[in-house]
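In this document, chain identifiers A, B, C, D, E, F, G and H correspond to the written order of the chains, with residue numbering beginning at 1 in each.
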Amino acid sequence: MDREKIKELLQNVKAGKIEVTEALSILKSLPYEDLGFAKIDTHRDLRKGFPEVILCKGKTLEQVTKIIERQSSGNEVIMATRANKEVYEAIRNVRADAIYYETAGIVVIGQRRGKTAKKTILVVSGGTADLPVAEEAAVTAEVMGNTVERLYDVGVAGVHRLFDNKEKLFQANVIVVVAGMEGALASIVGGLVDKPVVAVPTSVGYGASFGGLAALLTMLNCCAPGVVVVNIDNGFGAGYFASVINQMGEGK
Amino acid sequence: MDREKIKELLQNVKAGKIEVTEALSILKSLPYEDLGFAKIDTHRDLRKGFPEVILCKGKTLEQVTKIIERQSSGNEVIMATRANKEVYEAIRNVRADAIYYETAGIVVIGQRRGKTAKKTILVVSGGTADLPVAEEAAVTAEVMGNTVERLYDVGVAGVHRLFDNKEKLFQANVIVVVAGMEGALASIVGGLVDKPVVAVPTSVGYGASFGGLAALLTMLNCCAPGVVVVNIDNGFGAGYFASVINQMGEGK
Amino acid sequence: MDREKIKELLQNVKAGKIEVTEALSILKSLPYEDLGFAKIDTHRDLRKGFPEVILCKGKTLEQVTKIIERQSSGNEVIMATRANKEVYEAIRNVRADAIYYETAGIVVIGQRRGKTAKKTILVVSGGTADLPVAEEAAVTAEVMGNTVERLYDVGVAGVHRLFDNKEKLFQANVIVVVAGMEGALASIVGGLVDKPVVAVPTSVGYGASFGGLAALLTMLNCCAPGVVVVNIDNGFGAGYFASVINQMGEGK
Amino acid sequence: MDREKIKELLQNVKAGKIEVTEALSILKSLPYEDLGFAKIDTHRDLRKGFPEVILCKGKTLEQVTKIIERQSSGNEVIMATRANKEVYEAIRNVRADAIYYETAGIVVIGQRRGKTAKKTILVVSGGTADLPVAEEAAVTAEVMGNTVERLYDVGVAGVHRLFDNKEKLFQANVIVVVAGMEGALASIVGGLVDKPVVAVPTSVGYGASFGGLAALLTMLNCCAPGVVVVNIDNGFGAGYFASVINQMGEGK
Amino acid sequence: MDREKIKELLQNVKAGKIEVTEALSILKSLPYEDLGFAKIDTHRDLRKGFPEVILCKGKTLEQVTKIIERQSSGNEVIMATRANKEVYEAIRNVRADAIYYETAGIVVIGQRRGKTAKKTILVVSGGTADLPVAEEAAVTAEVMGNTVERLYDVGVAGVHRLFDNKEKLFQANVIVVVAGMEGALASIVGGLVDKPVVAVPTSVGYGASFGGLAALLTMLNCCAPGVVVVNIDNGFGAGYFASVINQMGEGK
Amino acid sequence: MDREKIKELLQNVKAGKIEVTEALSILKSLPYEDLGFAKIDTHRDLRKGFPEVILCKGKTLEQVTKIIERQSSGNEVIMATRANKEVYEAIRNVRADAIYYETAGIVVIGQRRGKTAKKTILVVSGGTADLPVAEEAAVTAEVMGNTVERLYDVGVAGVHRLFDNKEKLFQANVIVVVAGMEGALASIVGGLVDKPVVAVPTSVGYGASFGGLAALLTMLNCCAPGVVVVNIDNGFGAGYFASVINQMGEGK
Amino acid sequence: MDREKIKELLQNVKAGKIEVTEALSILKSLPYEDLGFAKIDTHRDLRKGFPEVILCKGKTLEQVTKIIERQSSGNEVIMATRANKEVYEAIRNVRADAIYYETAGIVVIGQRRGKTAKKTILVVSGGTADLPVAEEAAVTAEVMGNTVERLYDVGVAGVHRLFDNKEKLFQANVIVVVAGMEGALASIVGGLVDKPVVAVPTSVGYGASFGGLAALLTMLNCCAPGVVVVNIDNGFGAGYFASVINQMGEGK
Amino acid sequence: MDREKIKELLQNVKAGKIEVTEALSILKSLPYEDLGFAKIDTHRDLRKGFPEVILCKGKTLEQVTKIIERQSSGNEVIMATRANKEVYEAIRNVRADAIYYETAGIVVIGQRRGKTAKKTILVVSGGTADLPVAEEAAVTAEVMGNTVERLYDVGVAGVHRLFDNKEKLFQANVIVVVAGMEGALASIVGGLVDKPVVAVPTSVGYGASFGGLAALLTMLNCCAPGVVVVNIDNGFGAGYFASVINQMGEGK
C-alpha cells in the first residue's frame, strides 16, 4: 500500500505532475510512515477496534481532558484507565457520552464496536479485593471486542471453588488470572489448562507481600508452562494482551 | 469422551455386566481423570505433539536418565532443558537417538512431528551473549511444531539493525524478545508491532543488572501494551507460550 | 462415607431405580465433593467450632456486610479481622449482636462455643506498640476455643521481665511470640522452651526495620529449633495455627 | 520441684547439716538452673530422645569431630546436618558407628530410640530437585522418633499427582511441604487440610527465584490459614518442629 | 554485694531469725536480681542520671501518659522521644513540668542532673533537613549529663564549612555525625579524627535514597576505621551511645 | 594567585608592616581558602552566573525564607527547587520579585543573566506524567544561561514520535532524557546520537516500577555508550550537569 | 546531504535516467539511512577515531575472534573490554598486532590515532583494589584520543592525599572518580570542583557493600551538583563519556 | 603546637633568618598538615601504637608486599587483614618476622607495644562458625594494645551459656558481639549491660540470612540502647573502635 503511494508519487514526478521540491517535501515524512508508525497506527486502531488508551494516573485533570478532546473524532473509541470519579467527571464535562466503569476505574467514550470475537476470555480472580484489577482486565477486553466471562473469588484458600468451575476454565480460549497475596492461583490454573494464561499479580496483601512483589515473583517462577506475567496491578495490560491473542485466529 | 466412558460403565452396571464393587473401584480414580489431569494430559501430548519437558538443572544424572527411561515409549517426543554436555552424554547412554542442541542446552529424543504451524514465531535477541536463552526459546518452539525465524544481535545500542529487519517483525505471528542488560529491546519491539510479544529478560550484564533484575523490571514496566514477561533466562517458557498462542488459530 | 454414597448410587442404577443420565449428572459433581471441599469444609467448621474468617482490609463496606449476611445462619460464629470502627459499625447495622475487639481489630458475631481446650496458648509481645497484632492473635485463638494467657511488654531491652515470668512460658502448651523492631524475642523464647513457638514479626519500628522485614528475617534465621514464622503483622494466622496445634491432643 | 530442693537446702542450713558457705556455693548456680537451661536441657534430651544437632556448614572438620567427641556418651543420639561426604568420613574416623543419610546430608550416631509416635508426619515435595531438603526434614523427624511418610514430586505443574494422593494428606497428623520455584504447593495443601502445615521454601529455581526468596514470600503470604514457614532450605527446622507438635498429644 | 545479702539471709535462717518459707520467698526473686535486671537497673538509673526513655511512636496517647504516670516518682528524669505536639500536650496534662524540645521531638520531665561530663560531645549534621535527628541526638546527650556542641549544615557539597570548623572536630571527645542523602559526611569526619564517630543515617533525600538506605549503606561501608552506625533516623540511640562512652573515663 | 598573597604577607612581615600575631591570624584561615572553598566558590558563582540552589524539600518555610534572606544581595540569582505553592508564597513575602515555575516547582529570584550559551540543551521526556521532572531540568538549565529545547511525550510506546523529531536530537549539544516506567527512552536516544546523554529516571509508574527503581536500573545498564545517570526524579541535577558540559567549549 | 541525494534521485527520475521501480527500490532503504544509523555510524567512527568496542564478557572465544575478524579493515582501531589473558591470546591468534592492557582487561588492535584532545581527563580512584576499573576508564579514554592523568589511592580514609593533589583536580577538564566500599570520594571531589564529574561505583568491598550497591547509591544521592553516575564497575562507560564531553569544545 | 611552629617561622622571617621564598615553600605544605593529615597521622600512630592496617582482599600479592615494604621502618607495627595463607607467605618473603593469626586472617609485623590498657575488651560470639570474624576483632584489639577476653559459642539457642558467664559481661569495659544467622545475641547483651556494645553481624547462615543482611538488620533495629553496628564480617572495624573507646579514659 505505502509502496503504491510512493510509486504513484514517483510516476507523478516522472510525468511532471509534481515538482521535485514538492516530492522531496512529501518524501521527507516517509521514514516514520514507512516504519508503520503514527498515522498507520491510527488507521489500524479505527479499522481493528483497538482503542487508544490514556493512563490517567500521574496526569492532571487538565491534561487528561485535553488529550480526550484531541482524540475525539467520529465514532472512535477512547478508553481512559486508572480514572477515579473526579477524573470521570472532568471527562464528562468535555464528552457527555463518557461511560464510567467504577470498579475497573475505566472511562469509555464513543461507540463500542458491535462485533466481537467468538471465543471467550475468562478473567479469574483470587479474592474480593482483587476486583478492581480483575475488572480493569475484563472491561479492557470487552471494549476491545471480546466476550469476557468472570470467575471471581476462587483463590487457593478454597481451591474447590475453582475446580467447581473447571468447565469455564476448559471452555475459555484465553485465561487472565488476577491474584494478590501469594498469587498461587496462576500456578494452579496453569497446571490445569492448555490455554494461554496471562497472570496479573496484584498489590493486595500486607507485610511480606511487599506491594505485590510476592505475587509477582510467584507468577514469574510458575513451574507450569504456558503462563506469562504482566506488571503488578496491570489489569489493562493483561486484558489488552488477552484480546490480541484471542483475536489471532479470528481474521481480525 | 470421558462422559461416554462413565455412561458406558453405568450402562454396564445396569446391565449387570460389571459388579458394583468393580465399578466403584473404577470410579474411585475418576476425580483426577475428570479434572483433566494425568492420563488425559498424556494423551493430549501424544495427540498434539507437545513434548513432556525435563528441567535438568538441580537433578542428578541418575534422576534425569531414570525419568527419560520412564517416559520412553513409541514415537513420543522427549525434551530435556538446561542440559550440559555431561547430561547429554548420560542421556545418550540410555537413548542413542538423543539429539543435542548445544547452544540451547536442549536434548531431544524421538521423532519430531513433521507437520508444523503455518505461521512463524520470530525470536529476537539483543546481543551475542543472549544466544543460549534465545536458542532455548527457538528450539523449544521448533520441537513443538512451529516455524521459527531468528533475528539476533539487534539490541538498542544500534537500533537500526532492528529497523533494517522490520519486515521480519511485521511478518511474524508471535515475537519472542530476548534481552539482558537494560532489556529495552522488548519496549522497542512492543511499540512497533501489533503482534503478541513475549519478553525474556536474561541474566546477561554486570553490576546493577543484578542477575537480570534490571531487564526483568524494564520488561514488566513496558509502556507499550501487548508485551508479557517470563522468568529471567526462561527461554523454554517463552518458546512454549509462543507455541501455544501461535497454534491457537491453526486447529491444533 | 462418600464411597457409601457412590455404592448406593450404583446399586440404585443396577436396580433400575435411577436412570443412567441422572446418575451421570450426580457423578459429574463428585470430584470436588470427593476432595473434601466446599460443603464438607462448612460442616467441619460448624462441627469443630472453627469460624469462617473475613479479612476486611481491601474490601468495601458493602462487600463486607454482604459476606456477613451470606454467612449468617443459626449459631455459627463469624469472625472479621482488620476491621476498623467504621467497618464494625457497618457490620452492626446488619448484625446487632456483633462484638468489637477494638485493639485486635476483630469483629465476632454469633455464639462463641462454650467448650475450650484445656491447655493454654501464651501470647507474648515485645512492646506496647505490638499490641494490635498480639491481640489479633489472642482474640483469634480465644474465638476458636482456646484459653489464652497474655504476657506483654517483655522485649529483650529488659529481658528480665521475660525471665521473671518464665513459669508462664513453661506452663503454656503453645507460645505465640509477637515482636517488631529486631524481633529477637522469638529467639530468646525459642531457646528457653521445648514447646512450639509461632513467631509473628510486626511492622513496628522505623528506618532499617523496613516495615517489618528486619523482624521477619530475624525470626526466619532463628538458630533455636522449634520456631516457625508467619507473615508480618499476621496475628490472625499465628492465633489460628496455635489453635490448630493446641487442640491436636484434645480430641478436637 | 526446684522449690523443693531449695526448701530442703534451707532446712538443712537451719538444721546445721549444711554450712552457710556450702549453701552459698550451691545457691550461686541456681539462677540459670532455675531458668531451665543447660543441664536440665541435657537431661530432657536424654529422657525424651530429642537429639543434639550439629550444623556442619561453616565449621571445620576438626571443629565438627571435636564437638562429636565431646557429645559422645552412652547411648545418646547425635545428629549432624549439612554434612557432605568429607564431613561424614571425618566423623566416621572418631565414631565408626556413624550412619550417613546422603541425600539428606545427615549423619546420625548412636542408638535411635525404638519407640515412635503413633501418628504420622507427611513430607510432601514439589519436585525432584527439592529432595535434599525434603529428606533433611524426613530424616530429622524419623531420628526424633516419628513415623514419616513421603509424597514427593507432586508440584502444582501437575496438581493431580497431589490430589491422587489426598488420602495421605488427610491421614497425616502434621504435614511438611517442601517446594522451590514459586512454592505454591504449600498454599494448595494448606487449602485442602485442617492439619498443621509447615512450609519449607527451597532455593531450587533460577532467575527471579532469587535463591528461594520467591518461594519464601509465597509461603509467608499464604492465604490459607494453618500454614507456617521456616527458613529457605531449612529441612531440619521443619522436621524438628513437626516432631514437636506431632508428639504433643502422645504424652511425650 | 548480692552474695553478702544471701549469706546474711542464710545466717539468719541458720540462726532461726527468718523462717524457711520466708527465706524461700525472698530467694524466689533472686534469679533476675542476680542477673542485674529490673530493680538494679532502676537504681542505676537514679544513681547515674540515665533517664528511662519512652518511644512514643506506635503508642496511643493513653499508653504514653500511663507509662509517664507509672514512672513519675521524686526527682527522676523521664524522657519521651518521637513526641509530636499532640503527645506533648497529653503529657503536660499529667505532668505540668514537662519541657518540650520541639525540633528534637523530645519531652523531658523532672529535674535534670546538674553535674555534667567535662568532655564534650560534638553533633555534626549534613544539612538543614537533618536537624530533627541531630537535635534528638544532642538533646538526649544533654539530658544524660553531657556538654554538647553543635556543628550543623556542613555537608560534603561544601566541605570547606566542615574544615573551617576542624578545631571543634579535634576538641570533641565523641563525635556524632548525622547525614542523609549519600551520608558521606561520616567518612570525611572519620578520616580526619582519632575520636570515636557515631554515624546516624537519616531518611532525608528522595529517589534512590530509599528512605535512608543509601546513607545507611554508605556509613556501614565507611573505609575510615573508628566509625560505627545506628539505625536510620535513630538520633536517640546515637546520643545515648555517645553519652555512655563520653562518661567512661569520668568515674560515672 | 594565592601564593602571591602569601608572598606579599611574608614580605610585609619581613618589612615590619604586619605584626607576627596578625600574620598568624591571617594564615590560620589559609587552609580552606587555599583549597578553593567558600569565598572563591561564591565569587565563581557571581562571576559565572551559576546560581546557589536551595532544596526546599525537608526544610520548614521559616528555614527556606531565612536562607533566601541570607543569600539576597545585589543582582545575584537565587534558585529554590522542590518548591510547592506554599513555599513560593512564603518566599514572595520576603522577596516580591520571586518568579514561580509551577510545573518545575522552581522559584527564581533576582536578575537572570542575559547572555546564554550558543549551543542548545534538548530535554526529552517519555510521557506527560514526567513533565515536573523534565521541567525541573529545563528551567534549571535556562536559569544557568542555556538555550533549552523541549521534546516531550515521545516515549517508546510510540517511538515514531521520537524519530519524527530526530533533527532536534542531532542538532542538540547535550541531551537530557527524562523517563519513568521502564525508562527505555534513554537507551534509544543513546543509540542514536553521539552527543552526551544525561538520563533521569522518574518515579512515574506503578507496581514493579518500585518508585523509579526500574527506570534507574534500565538507565544504569544502558548498553549504548555515552549515557550517564542521575538520581530518580533529579531533574535539577541533570539540568545542572547538562549546563556544565554545554558551556565547556564556550569560554564560560 | 541525504536530501541532496534524494533530490538528485528525483531529478534523475524526472529526467528519465532512473526507472520508477529502481527508484522505488532505492527509496525503500532510506528510512534507516535517513535516521543516521549503520553506515553513517561506521563512517563517523572511522572519521573521528571512536573505536568500535566489544564486550568480551559472556561471549565465547570463537564469537570474540569472529567479531574481531569481521571488524578488521585498514587502520581502524578495535577495542575489546573485559578481556582476560585467554581472550587476549585468542585474539592475538587472529591479529598478531593486538596489544593487551592487563590491569584494564582491554585489548586494542590497529593504529591508535596520533592526535589527541588538548585538555586532560583525570581518573581518580579510592583504593588499590579499584585499579582494574580505573584503568578500564583511563585506557578507554586514551584509546579514544585523550590525554589522561591518573590520581590513584586517594580515598576518604586519608582525604589529605586528595587535597594534596588538588592542583590536578583543578587543572583537569573532566574528572572520572572510581570508588568502591562507600564511594564517598565522588561527593568530596564533586564538592571541590566545577568540572563535570563522572562517578563509577565499583564492586570492591564486602558485606553491606552488596556487590557495589552501596557505592552506587552513594553516588546517585550525591548532594554536590555536577556529578553523574554509570553502572557498577563500568570503567569503559565512564571513560567513553568523559571522552565525548572532553572533545566537545575541541572541534572534534 | 602547629601554631607555635608557624609563629616561630614568621618570627624567623621577620628576623631575616629565613628567606621569604623558603618560608613560602614551607607554608605551601601547611594546609593538609594543619588539617591533621598525612605526617601528623603517621606520628600519632608511632606515638600511640595504632598500627597502619592493610586490607588484603582485592589486592594482588605484589601490591600487598609493596605496601608492606613501603611501610616498614624501625619498630612500627604493621597489620594486614583478610590475609589467607598465600598472602602470609608472600609477606614472610619480604618480612621474615611476620606473625600469622590464621583464624583471624591477620598478619602482624614488627614489635607490638608492651604496655596495654588496664580495662578489658570482651569479644562475645554466637557460634563456632563466627570465629574468624570474632578473632579478627580480638586480634585487632590486642595488637592495638588492649587486654581481650573471649566468650565464644554463647548464642541465643542456649542463652544460659551467656548468663552463666555474666560476670565476664559485667566486668568488661567494652563488649564486641559477633553473631550471624539472626544476630539476636547483640540485643540480649545490650539489654544486660550498661557498657558500650559494638555489634558485628556475620555472613554465617543460609537462606534468608542473605549473606548477613538478616543479622545486620537485627542489630540496627536493636531496641536496647547502647548498641552500635559495623559492616557485615567487619571484625577489624569492631576491634578498632572498641580499642579507641577502651583507651579513652586511660590517658592514651
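The rule is simple: contacts are C-beta pairs under 8 Å (C-beta built on N, C-alpha and C of every residue); 3 or more make two chains touch, one makes a residue touch a chain.
Everything numeric in this text was worked out from a predicted model, so none of it was measured.
Interface comparison, F-G versus E-F: the higher count of C-beta contacts falls to F-G. Note that among the pairs F-H, G-H or B-F, G-H reproduces the B-G interface, with over half of its contact pairs the same by residue number. Each chain's centre was taken as the mean of its CA atoms, and the one lying most distant from chain F is D.
The rotation relating chain D to chain E, fitted on Cα atoms, amounts to 180°, rounded to the nearest 5. Of all residue numbers seen at the chain G-chain H contact, under half occur in both copies; the interface is built from largely non-matching residues. Inter-chain spacing, taken between the CA centroids of chain B and chain E, is 60 Å. Averaged C-alpha coordinates give centres for chain B and chain C that are 41 Å from one another. Centre-to-centre separation of chain E and chain H, using mean CA positions: 25 Å.
Centroids of chain A and chain D (each the mean of its C-alpha atoms) stand 50 Å apart.
Counting only residues that touch two or more partner chains, chain E has 31, 35, 37, 127, 158-159, 163, 192, 207-210, 213, 216, 220-222, 225, 231-232. Touching chain pairs in this entry, ordered by label, are A-B, A-C, A-D, A-F, A-G, B-C, B-D, B-F, B-G, C-D, C-E, C-H, D-E, D-H, E-F, E-G, E-H, F-G, F-H, G-H. Note for the complex: chain E touches chain F at residues 127-129, 158-161, 163-164, 204, 206-210. On the side of chain E, the complex with chain G involves touching residues 126-127, 155-159, 181-184, 187-188, 190-192, 205, 207-210, 213-215, 217-225. For chain E in complex with chain D, the touching residues are 3, 6-7, 10-11, 13-14, 16, 20, 23-24, 27-28, 30-31, 34-35. The touching residues of chain G, counted against chain F in their complex, run 35-37, 44, 48, 50, 53, 163, 166, 170, 173, 192, 194-196, 198, 216, 220-222, 225-232, 236-237, 240-241, 244-245, 248-250.
By the touch criterion stated above, chain F contacts chain E in their complex at residues 29, 31-32, 35, 37-38, 41, 55, 57-59, 63, 67, 201, 203, 211-213, 216, 231-234.
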